[in-house]
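Shared between the two complexes below is chain A, which pairs with chain B and chain C, respectively.
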Partner chain A sequence: MNTYYATNLLVYAGVDIIACLALNLQFGVSGITNFALIVFQAAGAYAAAVLSMPPSSSPDYSFQLYVGGYNLPFPIPWLGGALAGAALAIPVGLVVLRKLRSDYQAIALLVTSIIANTVITNARTFLNGAAGLALIPQPLDTQIDPRSDTYSYFFVGLTAVAVAVVWMIAARIVNSPYGRTLRAMRDHELAATALGKNPVQLKMTVFIVGGAIAGLSGAILAGYITAWAPSEWLYPETIILFAAVIVGGRGNNLGAILGALLVPVGFEEVTRLLAAARLRGRTGWLTGRCSSQRTSTGASRACRPWTAFRSRCHEGRSPA
Partner chain B sequence: MTIFEAAFGFGLVSMSVIAIAAVGFTMQFGITNMINLAYGEVMVSSAYVAYSLNRAGVSIWIGMIAGGIFGAVFSFLLNRVVYAPFQRKGTSYLGMVIVSLAISLMIANILLPIVSYNSVSYAEHAGSIIRFGGVVLTVNQMIIIVLAVALMVGIHALLRYTRLGKAMRATAANPSLARNCGIPTQRVIDMVWLITGALCGVAGVVAALNSDSFAIASGGGFLITALAAAVLGGAGQPYGAMIGAVIIGLMTELTAAAWSAEYKEVVAFAILVLVMVLRPQGLLAKRGALAAAG
Partner chain C sequence: MQAVDGVSLEVPRGQITGLIGPNGAGKSTFLAVVAGTMPASSGRIAFDGEDITRLPAYRRARRGLVRTFQLPSEFGRLTVLENLLVAAPRHRGDSLWGALRGRRYWGEDEERLVTEARSVLQRFGMSAKESDYAGEMSGGQKRLIEIMRALMLHPRCLLLDEPMSGVHPRVVAEIQHYLQTLRAEGLTILMVEHELHLVEQLCDSVFVMAQGKLIGSGTMASLRRQREIVDAYLVG
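The block that comes next holds the complex of A and B.
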């Protein structure tokens, strides 16, 4: 098996596991239907991108417009991504989680997701609009050649460490008295309130922690595929993660991981193999990583503007 | 300020389009308790039905009627085949939202191989231009406005003066009491899905006609504006949805004139968020849904 394909799959699995753990914390354990989860992932990805990229005035980057550009070394973009996710969760949570009934919360978050995408797509000077950011530096790419197999294994290792840390945090939260409180709130909010728990405060906390975790997943993804654009985070992406958490068993961290391996990774890779069997020899499914990652953006990304499933790699071909 | 006068004209058209969509959406919610997030996709499907007829050389107005019929049948089947069985099983409101979201994704992805994701537009002459002072409208836009007014009056008459309308209001207020009083609520709900589906289909065609082009991805935008108008006016209230449509239609076009056309939907959303922050109790008030307002 091609190294690229295998490591590519492992990194995506790691990113999906982290995102599913965040969603499980919010939706599975606490009952917050966060239809905007992908926006937090996107915030983390954009934050990591502008933290690690040089300013847009520098010669190699002048074809795109973006704010910031701080050229910071490796761990900071990832931490910044997590912070961005958490920071975004505060205003959104304050608007959505305080008074609205649960079905309105879900709709408000869904609308947030669609509108955030519209705004970023149209505000070209902020994060380069629809074309998105490209040439995002990879973690430690000055130390190890990012095109080598060693780097692929190294990135898988980094992702695995992130998954382990997130897993430990999530497990601590779920298996603690605090986790029991969250489950009590999910199952019977009125009763939990009667016992002196403050549901708004609990929801806000979980929303922020989940936002930070989702932001981290975005930072990892942006550092791996080296490009990030609005078409990467259309709202159907959130629905895939919901499917993963529901299939795996909501409220159970192990279930979230299983779901992440089954739905976004398993189903999509199986269907990819089906397509490959049909078009044997023509498609580049074994080449794994994006052919567009070293070019600017645009054309290859425009080929699948609206599909439910995340386009794993921008292979620059129309859907089969 | 001629640009604002012109924007006012566009505002009249878009409020007409939004009103048709929002009244259908809000009646579905008010009477059947169903937040149907697939509404935008049904609109797009109907727009494509009209498009295929239009391509075959049929006038867009006949295409619109076909779109309305398609929307009615489609919505009716959607309820009978998908939503009603879930509701019978006692799925929560939230569960129903997820189901309708799943349906909207399915419709979009089924449409994708049939019509492809490219934008298309109707081949219809815009008609000659009519001026009222600074307000400039094409004949097509006039027809849309007149149509919307006629539909609103029709809905008003239906709810106020017919037995069916009375039965609908009773079903909205208290379904089990309505059933005990001898109202065939099942048939009433079927009629609601047919009527609101027809509104949805017509709204899809006029929305597509009013925008330069449309694609499968337009469904999200259609849904959001209808949703914003419906929620603004008080969910489940047809008259509220009409008021919401007027506000959102005017506001979006005036901001487009003053600022940038790309932010139309953002303005609709900002209004929605403001309502949710400032008047959430208005959102929570499900009681009295569809009661005759004032």
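The block that comes next holds the complex of A and C.
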């Protein structure tokens, strides 16, 4: 196992842990079945991208179309990603969380996820459509060579700091009287209302906090893989995160972390072994995937473990 | 269809008032409308002389108008003690910012409220169950949890929806005793109940509903003398 592979795995684990902690706050603790979580991660990724990239009129970036391009230094893109996730949660929450019953909320959020992806895919002048954004600058890449092992360790460290901050926020919420109120609302919303709790305010708050955390996870991921496209955030990605939270133990932060490690790492490692068995003789997919990230050509479909898995399964079923 | 139609009643302060009637009379709907958990299409609700018709349910609860439910409504995955603590008002840790500031900020409030909750548990003989999950309690214990939880809010008026239904006779006697004690302490109670002998023992005055309308009021003894009410509900 080389350094790049190990650090790659650690960064993905960190991103998944952050996303699972956000989902655990919303779904596990508060009972909001947010089938659109990946949209908030995507909002964070796109925001971080356009904040850190130069304008699309710049010579190296003229092959893609996007709004903004502010060339801002780290950590502004990451903070901007978190803010974008929170900001997006406000209109979505106001539409979905106020009047709808919880099962309808889940359906509305799923539909939101599909609509958002379709809109971004087709509105090419907004965020470069289906091709997505490429050559997203990495944090502090002018200070440390991003191709070096040192940079890989540095990025793992940055991700670890983000995980620690998010963990602290999530733990303080869950283990507080506020977290207790959220769990009460999850168990019986009407009874909580009859005890003086305002369920709309509670849901909106946790939706915005979860949106911010998911946005941060997207900003980290976009800064790491240096590319971001609609194929990265199709709705099944949210289902993977739900699986992780449920496998780890709903409502428990440690469980969310365990689930994030088990499900994505399981996908990563098991599919790697499957690939070795099934695709013997072909070029190692892992090598190809890593190099596609390294060169940042925008070929981001194979960047996430499960996306790569789906692609390879599809490839395996196609006529040769 | 109107579940409650033209019902107008006044609940005297510091008394237990009963609301009785056949199934489907609209008693629970009326209670829900008063508590704000169901909207009224028209009419006016006043609490302590103040118009609360437009207030949402959580605001009515914060003003001291607290209801319980016909079906058990415990927070099943919280412990019995936590069920009580959820209801406690004015907790510094019960907001996002308070939570983020950590235990040092809200720990004192928590200790005070845990002491208060334990004294309520002791009063209702539930101290031994404080660490058990509320979802694992018996039907009668869930009823007690609901009443204890409501009391943590320091209500001025308690709306009880069939507090004795599905409860073991021994626990019924306990609940009856607690309600009488609460009345002696000055709490106002409006109670929907089907067990007429309990209503007779507990309630100072009683209202009768049938098919969404109010058909009579008075003490149980006076109601038994009104033929149309006996025919509608009190037969047997």
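By our rule, the second predicted complex is superposed on the first by the 277 of 320 C-alpha atoms of A that agree within 3 Å, B and C clash if a C-alpha of one lies under 4 Å from a C-alpha of the other, contacts with A are read in each partner's own complex, and residues count from 1 in each chain.
To be clear about the criterion, contacts are C-beta pairs under 8 Å (C-beta built on N, C-alpha and C of every residue); 3 or more make two chains touch, one makes a residue touch a chain.
Computed from a prediction, not measured in an experiment: that's the story for all the values here.
In this superposed model built on chain A, chain B and chain C occupy separate space and fit side by side. Within the superposed three-chain model, A:R180 lies in touch with chain C and out of touch with chain B [touch as defined at top]. Within the superposed three-chain model, A:P236 lies in touch with chain B and out of touch with chain C [touch as defined at top]. Applying the stated contact rule after C-alpha superposition, one finds that A:A192 touches chain C and leaves chain B untouched.
By the touch criterion defined above, A:F74 reaches neither chain B nor chain C. The vertex angle at chain A, taken between the C-alpha centres of chain B and chain C once both structures are aligned on chain A, is 70 degrees to the nearest 10. In the superposition on chain A, A:Y153 makes contact with neither chain B nor chain C.
With both structures placed on the common chain, the touch criterion links A:V95 to chain B but leaves chain C unconnected.
In the superposition on chain A, A:Y4 contacts neither chain B nor chain C. When the shared chain is aligned, chain C comes close enough to touch A:I169, but chain B does not. Of all Cα pairs spanning chain B and chain C in the superposition, the closest are 13 Å apart.
Interface residues of chain A, counted against chain C in their complex, comprise 169, 172-173, 176-181, 183-184, 186-188, 190-199, 205, 209, 251. Within the complex formed with chain A, the residues of chain B that make contact are 35, 37, 93-94, 96-98, 101-102, 105, 108-109, 112, 117, 215-217, 220, 224, 227-228, 260, 262-263, 265-266, 269, 272-273, 276-277, 280, 283-284.
Those residues of chain A lying in contact with chain B across their complex are 33, 35, 95-96, 99-104, 106-108, 110-112, 114-115, 118-119, 122, 235-236, 239, 242, 305-308. Every residue of chain C that touches chain A in the complex is listed here, in rising order: 35, 37, 56-59, 61-62, 66-69, 73-78, 82-83, 85-87, 89, 91, 93-96, 98-100, 102-103, 106, 109-110, 149-150, 153.
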